[in-house]
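Consider the two complexes below, in which chain A is the common component and chain B and chain C are the respective partners.
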Partner chain A sequence: MDPKVVAAMQPYFSENFYNPSAPYAPAIVVRRAYQAAKDSLGHTLGVKGDELVMTAGATESINLAFHSIGGHIVTANVEHHAVLEAAKQYEHTLVKADERGLMTPTMVKAAIRSDTRLVSIAIANNELGTIQPLRAIAEVIREVRKTRLAHGNHTPIYLHSDASQGVGQLDINVARLGVDLLTLNAAKVYGPKQVGLLWAASFVTLNPQVRGGGQEGGIRSGTENVAGVVGFAKAMELASEHRKYESDRLATLRDTLQNKLMAAFPNAVLSGHQKHRLAGHLHISFPNLDAERVLFALESRGVLVATGSACAANKGTRSHVLTAIGLPPKIADGSIRMTLGHMSNEENIAQATMHIIEEVRREYARVQS
Partner chain B sequence: MDPKVVAAMQPYFSENFYNPSAPYAPAIVVRRAYQAAKDSLGHTLGVKGDELVMTAGATESINLAFHSIGGHIVTANVEHHAVLEAAKQYEHTLVKADERGLMTPTMVKAAIRSDTRLVSIAIANNELGTIQPLRAIAEVIREVRKTRLAHGNHTPIYLHSDASQGVGQLDINVARLGVDLLTLNAAKVYGPKQVGLLWAASFVTLNPQVRGGGQEGGIRSGTENVAGVVGFAKAMELASEHRKYESDRLATLRDTLQNKLMAAFPNAVLSGHQKHRLAGHLHISFPNLDAERVLFALESRGVLVATGSACAANKGTRSHVLTAIGLPPKIADGSIRMTLGHMSNEENIAQATMHIIEEVRREYARVQS
Partner chain C sequence: MTKVYVGMSGGVDSSLTAALLKEQGYDVTGVYMKNWTKDLPGMKCPWADDLADAKRVAVQLGIDFKVFDFENEYKHKVVDYMIEEYKRGRTPNPDIICNQEVKFKLFLETALEDGADLIATGHYARVENGVLKQAVDTNKDQTYFLYRVTEKALKKTLFPLGEFTKPTVRDMAKERGLYTAAKKDSQGICFVGQIGIREFLSHYVEQVAGPIIDKKSGKTIGQHDGAIFYTIGQRHGLDVGGGLPYYVVGKDMDKNEVFVTTDLNDKTLWKTDLILASVHWINHTPTEGICKVRIRHRAPLTPATLSFNSDGVRLVLHNAERAAAAGQSVVIYDGENCLGGGVIA
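And then the complex of A and B:
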C-alpha cells in the first residue's frame, strides 16, 4: 500500500472506530467520512457516491453483478477466474479472444443471443495487459438494444466491466466507457486488500447476495469497512492525480526492458497487444525454457516476476489465458509476466534487466548442454 | 481496535503486502502468516485453521451458512437482522423468545419440522445480552437426528450459531457448544471491521456464494485479507487471554451501574436475563421517557449509549427485539442499552452513572412539568 493510504486509514482503526450506523455524534463523523470517501470514488467514475456498492473486492463485485442479472451471459475465454467461475453458474458463451488476447466488437456481437442479458469484458487482461475496445463494445450493446426494441424483445442487456486492472492507467469514467456496471478493486491501486466496489447504472436492479442490516442501500449488508473505503478513496485520488504521468513513465521503462530483452533473445515471443496494452505490463516467453526455474533464480536476486496469474500459479496449472490465445506449450511454459509499478525506476529496471538476461542465458545454457 | 491489533496488522499493509497466492518467496512468507493466523483462530474454537472460511464479517458468514444449507430454517424473533433477513429467503419458522429474550430447548424442539435443515440461534442477544442455552439446544438437535434416523428420514439438521456477541466473554469451543456451524466477527473483539469467519463441521457441505480464484478451499474466492485476518487472530488471542478476568471485571462494573440506576429510578425496567447475561451488557428502560433525548444529552457529556441496535436506530424504527419480548411501547421507547468494554473502569463508570442519573432526572422533570 502507498504510505499515504496507510496514513489516511489510521484514524479509522482507533479513535474513529465507531460503527457508522450508530446514532451518536462521533459515529456520525465516521459516517460522513465514509460517505465522503464514496463520493470521492464516485468522482473518478463520474457518478455519485451513493451509486456505489462497497464490497470485499473485485471477486465479490463480479459475483454480485452476475447474481443480479443472470440469464445468458457473454464473456471471454481470457477473462479472470472470478468472471469465468461466476459465469459457470449461468448459461453462458465464452468468446474466443484473438492471439493478442483482444476481443473485437464483431466477436462480441456474434456471441450475443436474443436472450443474452449480460456481457462482461474486463477493461484490460490481467496477464497480457491487452486493453479491450470497451467503447466500441458498448456501441454494439446499444445497437442490440435498439434492434430488440424494434422487434418487441424486452429482454434487457447490460455491459459489465471489471476495471480493476486498468485503474491508475486508464480513464474509467463510466459514461465515456459506455458500461452499465463496473467493478473496481482497491489493492490494484496501492489500496487495501479485500476492498472493492460495484457501480451499476440507475436502471440496473441489483439483487443482494448478502442480506442483513441493509447497508449499501440494502444491496450489501454488513458493518461498513470505514478504514478500507477511506484507504481506497485515497489510493484512487493518488492514482488519478498521477495517471497520465505514471502511464507514460511506466511505458518508457517497460519499452526499454522489452527492447533489451528482445535484443538479447531474438527468439523470445511477446504476447498481448503491442499497442493497446497497459503501460506497466510485459509478457514475454522464452521458448523451451522452464519459466519456474527462471522465476526462482530471479527471486534469489531480488527480482520478483510471475509465470501465470497468481491464482493459477499456485495450482501448478498452465495459465488458461496462454492456452486461450493459442500459445504452444513449449512457448507458454517459458513465459514470464512482469509488472512495473510505483517503485519501478530507471535504476532498478536496468538492474532487473541485467539479472533477467543473465538467468535466462544460464538456463538456456543448462538446457542446451 | 486494540493498539496491539493495529500493531500486528501494520507489516501486512506495507512490506508484507504480497498476494499470498503468488509463487515467489516473499509471498510465501505472507501465506504462512495468514495460515498461522487461521490456526490461531481455530485454536480458540478447538478446530484446525483450514476448517475456517474467512469472510468479510458476520453478516456474510451467516448468509453463506444459510445459502449452503437452505431448506426449512428455525430461528428466533430476537435474532440479529443479518439472521432474520437471510432467513427470509427460505421457508422458516421464527420461535418467540420469552420476555427475557431467552430461547429454551423446548421452544426450539417444538418448532423443528421433519424437513427442518438448519437451526440458527445466536450465542447471546446483541441488545439484551441474554445468553442462550446452546448446549441444551444442541442436545435437542442430536435427539432429532436420532429420531429421524430411526424413522428413515435422511434430511440432515444442523445447528448454527452467530457467536459474534459472546466472543471475549464466553467459551466458544465448538465441541463444548455442540454447534455444527459457527460465525464470528473480528470487530466485536477489538479487531478490524469487515473481517469474520464461518466454521463448519467436516460433514457440512458449504456452497460458495462468491466464486473465482478458489481461495478458502474454494468456498469463498477473493485475494486473502492478510492484514485483517492477522489482526483478527491477534484480537482473539488478547480476548481469550483475559476472558475470565475481563468478564468478572465488567460484570462487577455493570452491576454497580445497574444497582445505582435502579436505586435512583425504582420504576425503571431491566430487560434481558438477569443471570445468563453478557457481563458488559445493561438494558434499562425508563417508562414514559424519550430515550433519544437522553441519548443526545448524554452524548454532549461524553457518555455514549444506544437506544436500539445501531442498524435499527438509524432507520428510526423501534427495536424489533423489544417488540419481540413484549415490552410495551411506553417502556420500549425509554430504553437505553449500555455496553461496557476494555476502556470502562471504576472511575469513568462512576462518572457515567452520575451523568445518566442527572439527565434522566432532568428529562423526567421536563416531561412531568
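And then the complex of A and C:
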C-alpha cells in the first residue's frame, strides 16, 4: 500500500474506531469521513457517493452484479475467474477473444441473444493488459436496446465492467464508458485488500446477497469497513491525480524493457494487444523454457514476476487466458508477466532487464546442454 | 557422468542431498514425488508450497527438475494399507511402506527408466555394497524406516547425509545459502500435513462409541469413540479422569471394546516374546542368536535372541519392552548393520 494510504486509514483503527451508525457524537466524525470517502470515489466515476455499494473486494462486487441481474449472460473466455465462475451459475455464452485477447463489438453483438440480460467485459485483461473497446461495446448494447424496444421485447440488457485494472491509467468515468454497472477494487491501486465497490445505474435493481442491518442502502449489510473505504478513496485520489503522467511514464519504461528483451531474445513471443495495452503490462513468452524456473531465479535477485502457469510440470495449472488466446503449451509455459508500477523507475527497470536477460540465457543454456 | 535422481521434498535434508551430490560431480536431477494428498477441513496439505521450494532449490543449484506423479500408487499402496491395518486393530507405519513401495521401488524404477544410473534421498542412513548401515547421527538414524528396502534397490541408492549429524546438515545448508536452510522439519503424517493420525482416520472410519473397560475389575469406566483409534500402550486421550494414569492393554475390535489398566506391570503391556510376520531380510537370512533390535523409530537398540521355529521368526527380548503392538515393525541389527525385520504378529 502507498504509505499515504496507510496514514489516511490509521485513525480509523484507533481514535476514530466508532461504528458509523452509532448514535453518540464521536461516531458522527466517522460517519462523515465514510461518506466523504464514498463521495470522493464517486467523483472519479462521475457519480454520487450514495450510488456506490461498498463490498469486500471486486469478486463480491462482480457476484452482486451477476446475481442481481441473472442470465442469459454474455462474457469472454479471457475474463477473470470471478466473472467466469459467477457466469457459470446462469445460462451464458463465452465469446472467444482473438489472439490478442481482444473482444470486438462485432463479436459481442453476435453473442447477444433476445433473452440476454447482462454483458460483462473487463476494461482490460489482467494477464495480457489488452484494453477492451468498452465504449464501442456500450454502443452495441444501446443498439440492441433500441431494436428490442422496436420489436416489443422488454427484456432489459445491461453492460457491466470490472474496471479494476484500469484505475490510474484509463478514464473510468461511467458516463463516458457507457456502462450500466462498474466494479472496482482497492488493492489494484495500492489500496487495502478486501475492499471494492459496485456502481449500478439508477435503473438497475440490485438484490442484496448479504442481508442484515441495512447498510449500503440495504444492498450490502454489515458494519462499514471505514478504514478500508477511507484507504480506497485515498488510493484512488492518488492514482487519479497523476493518471496521464503516470501512464506515459510506465509506457516508456515498459517499452524500453520490451525492446531490450526482444533484442536479446528475438524468438520471444509478445502477447496482448501491442497498441491497446495497459501501460505497465508486459507479457512475454520464451518458447521451450519453464517460466517458473525463471521466476524462482529472478525472485532471489529481487525481481518479482508472474508466470502463465504455476508448477509447469504439474498438469492443469496453465492460465486459461493463454489457452483461450491459443498460445501453444510450449510457449505458454515459458510465459512471464511483468507489471510496472509506482516503484518502477529507470534505474530498477534497467537492473531488472539485466537480471532477466541473464537468467533467461542461463535457462536456455541449461535446456540446450 | 553418473546420473543421479534425487528425491526432493522441499525440505532441508533433500535440498542438501542434491547440493552435495552436485558438488561431488554427479549429474543431478531433482525429482518431486507427487504422492497422494488430501485437504482436510482446516488443514491444508502444504504439498504445493513444498513442490515450489524443491524447485527453488533445484533452480538455485542449476539442476534439472521433474515431478513424478505417484498419486494413485501411493493412495493404493500406502494410504489404503494403513487404513486397513488400523481397521484390523493394528498399528501400521506408513513411512516404512512408503519406502518399500514408493521411494525405493516406484521412484527407483521410474528414475532408471528415465535414464538415471542411481537415486538418492535425504535419509539419515548409510549404504555400503548393498548393506544398510546406521547413520553417524544415531539420534537421527532412519534405518528403522528402511528395513524393508531390497538389497537390489540399496545398490542403486546414495544416502549422502548418513555421514553427518542433523545440526551439521543445517549448517551446511546455511553455508550454501540454500533456500530451505532454515525451513522447519515436517511433522505429522506426510500426506495430510500436520494433523494427528486419529483426526485423519476419523474421515475414513465411522466413529462408534464403545466401552473402556478396566481389565482387572471388568468394570466399564468410560467411553471411547472407536477402538480403532487406540494403540496398545497408549496413555493419553482416554478421557478417563482422576487417579493414576490408565494405559491401553487390549482391544476387542469385533466388540469395539478397549481394555485399560493402571498397573504398569501388567504383562500385556510388557512383552519379551515376539513372533514376527512379513519378515524381510535385506541381504540374507541372519543366523540364530543374539542381536540388537529396535521396536520403534529412535528407540534405543536393545538386545534380543533370534531364532527360527515353526511359528516363523521368534525374538526373545532380554529386557521387556512396553507397548509392542501388533502391526508394529521390529528391526534387527548386527552392530551398525541393519539386517531387516518383521511385523509383530
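In the analysis below, the second predicted complex is superposed on the first by the 361 of 369 C-alpha atoms of A that agree within 3 Å, B and C clash if a C-alpha of one lies under 4 Å from a C-alpha of the other, contacts with A are read in each partner's own complex, and residues count from 1 in each chain.
Keep this in mind: a contact is a pair of C-beta atoms (placed from the backbone, for glycine too) under 8 Å apart; a residue touches a chain by one contact, two chains touch by 3 or more.
Just so it is clear, the model here is predicted, and its values are computed rather than measured.
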In the overlaid three-chain picture, which partner chain does A:Arg362 touch, first (chain B) or second (chain C), both, or neither? second
Looking at A:Arg293 after the superposition, I want to know if it touches chain B, chain C, both of them or none. Which is it: first, second, both, neither? second
Identify which of chain B and chain C touches the larger number of residues of chain A. B
Once chain A of both complexes is superposed, is A:Phe203 in touch with chain B (first), chain C (second), both, or neither? neither
So, does A:Lys193 touch the first partner chain B, the second partner chain C, both, or neither? first
Applying the touch criterion given at the start, work out whether A:Tyr245 contacts chain B, chain C, both or neither, answering first, second, both or neither. neither
Looking at A:Ala25 after the superposition, I want to know if it touches chain B, chain C, both of them or none. Which is it: first, second, both, neither? first
Do chain B and chain C land on any of the same chain A residues, and which? 292, 310-311, 313-314
Residues of chain A touching chain C in the complex: 292-293, 296-297, 300, 310-311, 313-314, 362, 366
Within the complex, chain A is touched by chain B residues 1, 3, 6, 9-10, 13-14, 17, 19, 21-27, 55-60, 62-63, 67, 80-83, 85-86, 88-89, 187, 192-194, 209-215, 221-228, 292, 295, 299, 304-307, 310-311, 313-315
Chain A touches which residues of chain C in the complex? 32, 34, 48, 51-52, 55-56, 58-60, 62, 64-67, 179
